[in-house]
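Have a look at the structure below before the remarks.
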Amino acid sequence: MTGFCLLGAGRIGRVHAANIIAHPTASLRYVVDADFAAAEALARRHSAVPLDDPATALADDAVRAVVIGTPTDTHLDMVAAAAAAGKAILCEKPIDLDIDRVDRCLDIVARHGIPFAVGFNRRFDPTLAALRRAVRAGEIGEPEMMIITSRDPAPPPARYFAASGGYFCDSTIHDLDLARWVLGEEPIEVFAMASCLIDPAIGATGDVDTAMTVLRTASGRLCHINNSRRAVYGFDQRVEVFGAKGMLQTENQREIGLTRATATGTDSRPPLKHFYLERYAESFARELDDFVEAIGNGRAPAVTPEDGRRALTLALACERSRREGRAVAP
Amino acid sequence: MTGFCLLGAGRIGRVHAANIIAHPTASLRYVVDADFAAAEALARRHSAVPLDDPATALADDAVRAVVIGTPTDTHLDMVAAAAAAGKAILCEKPIDLDIDRVDRCLDIVARHGIPFAVGFNRRFDPTLAALRRAVRAGEIGEPEMMIITSRDPAPPPARYFAASGGYFCDSTIHDLDLARWVLGEEPIEVFAMASCLIDPAIGATGDVDTAMTVLRTASGRLCHINNSRRAVYGFDQRVEVFGAKGMLQTENQREIGLTRATATGTDSRPPLKHFYLERYAESFARELDDFVEAIGNGRAPAVTPEDGRRALTLALACERSRREGRAVAP
Amino acid sequence: MTGFCLLGAGRIGRVHAANIIAHPTASLRYVVDADFAAAEALARRHSAVPLDDPATALADDAVRAVVIGTPTDTHLDMVAAAAAAGKAILCEKPIDLDIDRVDRCLDIVARHGIPFAVGFNRRFDPTLAALRRAVRAGEIGEPEMMIITSRDPAPPPARYFAASGGYFCDSTIHDLDLARWVLGEEPIEVFAMASCLIDPAIGATGDVDTAMTVLRTASGRLCHINNSRRAVYGFDQRVEVFGAKGMLQTENQREIGLTRATATGTDSRPPLKHFYLERYAESFARELDDFVEAIGNGRAPAVTPEDGRRALTLALACERSRREGRAVAP
Amino acid sequence: MTGFCLLGAGRIGRVHAANIIAHPTASLRYVVDADFAAAEALARRHSAVPLDDPATALADDAVRAVVIGTPTDTHLDMVAAAAAAGKAILCEKPIDLDIDRVDRCLDIVARHGIPFAVGFNRRFDPTLAALRRAVRAGEIGEPEMMIITSRDPAPPPARYFAASGGYFCDSTIHDLDLARWVLGEEPIEVFAMASCLIDPAIGATGDVDTAMTVLRTASGRLCHINNSRRAVYGFDQRVEVFGAKGMLQTENQREIGLTRATATGTDSRPPLKHFYLERYAESFARELDDFVEAIGNGRAPAVTPEDGRRALTLALACERSRREGRAVAP
């Protein structure tokens, strides 16, 4: 059994806790949150020990792995402490919003030689994984264009924006990782254009809520990403890859597969899965599978620290391009 | 140019008139209708001569072909007159509601050796034709089951029912022809169950408005047909053929290919094409193409008198089965 | 916690075992199978006690509920023993293939006043449940026709047929239950036509592999069911309900939501979920939820013994109709 | 009847000729082509007079309207001659590749006060027109993002590129017009990134074959366009508009609505309509309807000279942006 300490008892922490519990060879030992009541509520449900500080947990030899789901600006400290204690780390994205701090993080991880995974869970989604396999297997020949549509059902609360690092570092970063991972080539040029159309309060923080990004790789492949913070019809997650021999498209998912035809507005279907907790439930579980298996086998997890660094670099380049109105090199 | 005389200036007559006009090697000479005003209105639009009796037209050597779209109980007389005049005949379905009269009709046609086509226009629909080709080409192996869904948007006016011959002879007959044509085997057993659920006025005439039919061919293939006289979402026309190596399904058609996703009732699509004039517009035109080409080449039209006879035999067997509550041989 | 004894360690037993384990308030105490090795293999995986006879388990007060997944002809004995011990019972369908034995079973259950559920798991499928709710809520007005397509990916092994009770009692019975449950009315007339088209070895046992059934309810609603034991494209499970104000259709399910467009044969999609274990995984879990909750709350489970009896009565009527070539009253 | 002179007997000329013939109140008088044999072949089919120079036709009072489908660099001369003769003009897009020459053209048209239509036929496509109506009716609230996918089945022959004006002026210009027309706002910022991935011979001419464009309007709406000169699965034409209250998506079109499910690669569908002649057949006809009706009613045609000018301005800005690697104002 791989003993886990979970850092962060928020929304994402609860997802990880449930997956650890359900995993046949993992056990949840500690739940740590600066808000002790939150730690306690989550820990109790899963018969784990609640803490408001990780020290005790990191000192426990029964803990072999740490999942970091705390606020982004605490990641570096948490990584440093966990690495020093020799624990394997699964860290939510982004590692940090500052590339220098990300580099310090990568140094620490490298120095301690611990397994380190970055939480780009979408890579573990069965449909996206099948998409990538099909691309890599040459089913559509050389890929030439990729179109990523990624829209949230509703904006987060206002207080969220301050620490989010901006739309590209907070949200587009998932899509940027997907582009690199599916196309199998690094973008060498980035352009982004964005607007604040949904809520002026978002614009007042200097951020945007509607964005379009274009990437170009060394061999000339093009990738478009469009993002919105509010799709009233649900969590819209579609990826299309177009190549010399055809096209691949992923479909949105619904809880209920029922169509209704009526006299007015025929062929209605139930709404899309609401948000990432529903749409990517399976990918979070498979992400943990990979992490546990990597620890057991002594291999590196599928998503490397370098992947985390590159995605952030691209997101920062998007932000720079948006401000400067020109294509930039990431 | 093949000169035409059109008998019947009603709804179906107008369809044929337009197709004759649009045909590159056909011309419309006469429009005949007992209601002279109707003949006149249609004839004037197409620069043809209106008549209230076919005699003059049938005596005109410039008329080589006759399209019969008059009420069913007049078909036999019209066929006899046209055949005696040596004209090629395209006769709307059913030839007659009485099998003895159909046989007299077939005798007349055989005696005069004229080209005779029965108006099962659906055989000329590009999608249904592609379905049949795929079945015949073995794309799904031996066909084993066929499912035909055929529902009208709304019932005809009450006065229509008296002369209709009942739901099976009036409407299911199209589907029975399709089953024979696609499966390529004669049904040897027929069962039908039906209800009057839409309008008691229909039931009061002894007729039904909701029906399910099952057919079995000699080799054991099964076919189900479901019919309704009222589908509020539009003209529902779907055919599915299931076989040893797969399944073929035709899709309904819409005028507009637009999907709308909204917060309530996501993914609505525009209504289906309204009725047969819209859905089968192309098949009526291709039916005429076949007829004109058959006349020109001296070959028999694609849908033979025998096809008309067999479909009626099956429809009458459905009616008998429904009344007797047992499977019958057609 | 509700303690369970599982009778039968075969394919369906393994499904129930996994769901009992995963259930937050259920625990698996015993696994019983005449084949002790099978009981042992399954019990060990779930830390339960293996037995080759239920007596010990039924005598254990910690066991409050029994799941019966043994061969059909043993159900009556198992029910009698479990009922005598006062256990709640979840019994796989069909209860028995003989209506007299089903009645004895219902008598026993009634006499002991125990909770008794029949395993028509499809009623718990989220999509089918949504379909029924929509019908009952009047979303398509009065239902008039129901079309059930239910095709297995491949026939069971030859030895399976002897004890299966025939295609209607073995397989169509699920669809018959669905028809009753969704339409909310009892069928009063049944007709079935069937063939052996897939494998002559099936026909040699007197059974069929391709079947079409028609039902009529008291108010005249019609239902068609088509079944095949071999759909090469996967487990085909579709239900359509047509009514005065529209139509509802359920969709097939796929593991992977990916479409591929290529030069030849565009728009291919991954196969359907393979069979009932994949397609109805969630409904088996929800069936257990209902059973555990019913026991806890002292209410009857959702699927009653009477439901089991009626579905069998319909299935036997199908078989009788098929042999006699006429519609019969169930 | 509105008498027509058709200038240009090439592929697009043949489309216009057929639509003029089929129009109830239009007649084709002359077909003019520098290649007299081409003019003769087309004219003969439609009983029109072939010419290798427009002078005779423009001097004929029976000619009221001219359709210009000659090479782009001849448009200005043709417009000048036709306008001087007082004829109404339907001119294929682009009016010219040089904005100064477009302005001279607009001056001529304004001076002579003749009806002048530009051939952005897609505006007349029933589905795209329905899309725009839905956007304008507020069905999805304020539009925020538009995604246009427009991919040809195969590149034109090499000799085509020299006079094409580059990918943006030749092909993207249709999509740029669509963006303006649907969004109802002028783009104020344009960015384009493009590659040559399909055929190095295209790159050798300085042109590209794979392009992504981003537009921003004054109110901040964003539009993405992706273009490819080779989609092996057919002519891919999809438009998506995303707004505050939902999303609208147009569907690709197929000649045959048939799905096939098989053991390998389930759910294949027939190919898309091959190219614009098939996909936009109806829009060309409706474009002519509008032109004829505009002439008859003395109103301006739906697509104005200014529309032609603006689309070219945007296309030229795309080309400039691509070369400079930055967003530009059109």
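Here the chain labels run A, B, C and D in written order, and each chain numbers its own residues starting at 1.
Note that in this section a residue touches a chain if its C-beta (ideal position, glycine included) is under 8 Å from a C-beta of that chain, and two chains touch if they have at least 3 such contacts.
Treat the numbers as computed from the prediction; the structure is a model and nothing was measured.
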Next item on the list: Looking only at C-beta pairs in contact, point me to the busier pair out of B-D and A-D.
Entry: A-D
Margin query: Farthest chain from subunit C, going by mean C-alpha coordinates, please.
Written below: D
Notebook entry, point to check: So how far apart, in whole Å, are subunit A and subunit B when each is placed at the average of its C-alpha atoms?
Noted result: 58
Notebook entry, point to check: CA centre of subunit A versus CA centre of subunit D: separation in Å?
Noted result: 42
Next item on the list: Give me the residues of subunit C that touch two or more other chains.
Entry: 232-233, 245-247, 261-263, 266, 270
Item checked: Contacting residues of subunit A [partner subunit C, same complex] -> 126-127, 130-131, 134, 139-140, 245-253, 255-263, 266, 270
Checklist line | subunit B-touching residues of subunit A, taken from the complex the two chains share | finding: 232-234, 261-263, 265-272
Notebook entry, point to check: How about subunit A: which of its residues touch subunit D in the complex?
Noted result: 142, 144-145, 147, 149, 151, 189, 191, 193-198, 210-212, 214, 216, 219-222, 224, 226, 228, 230-233, 236, 242, 244-247, 325-327
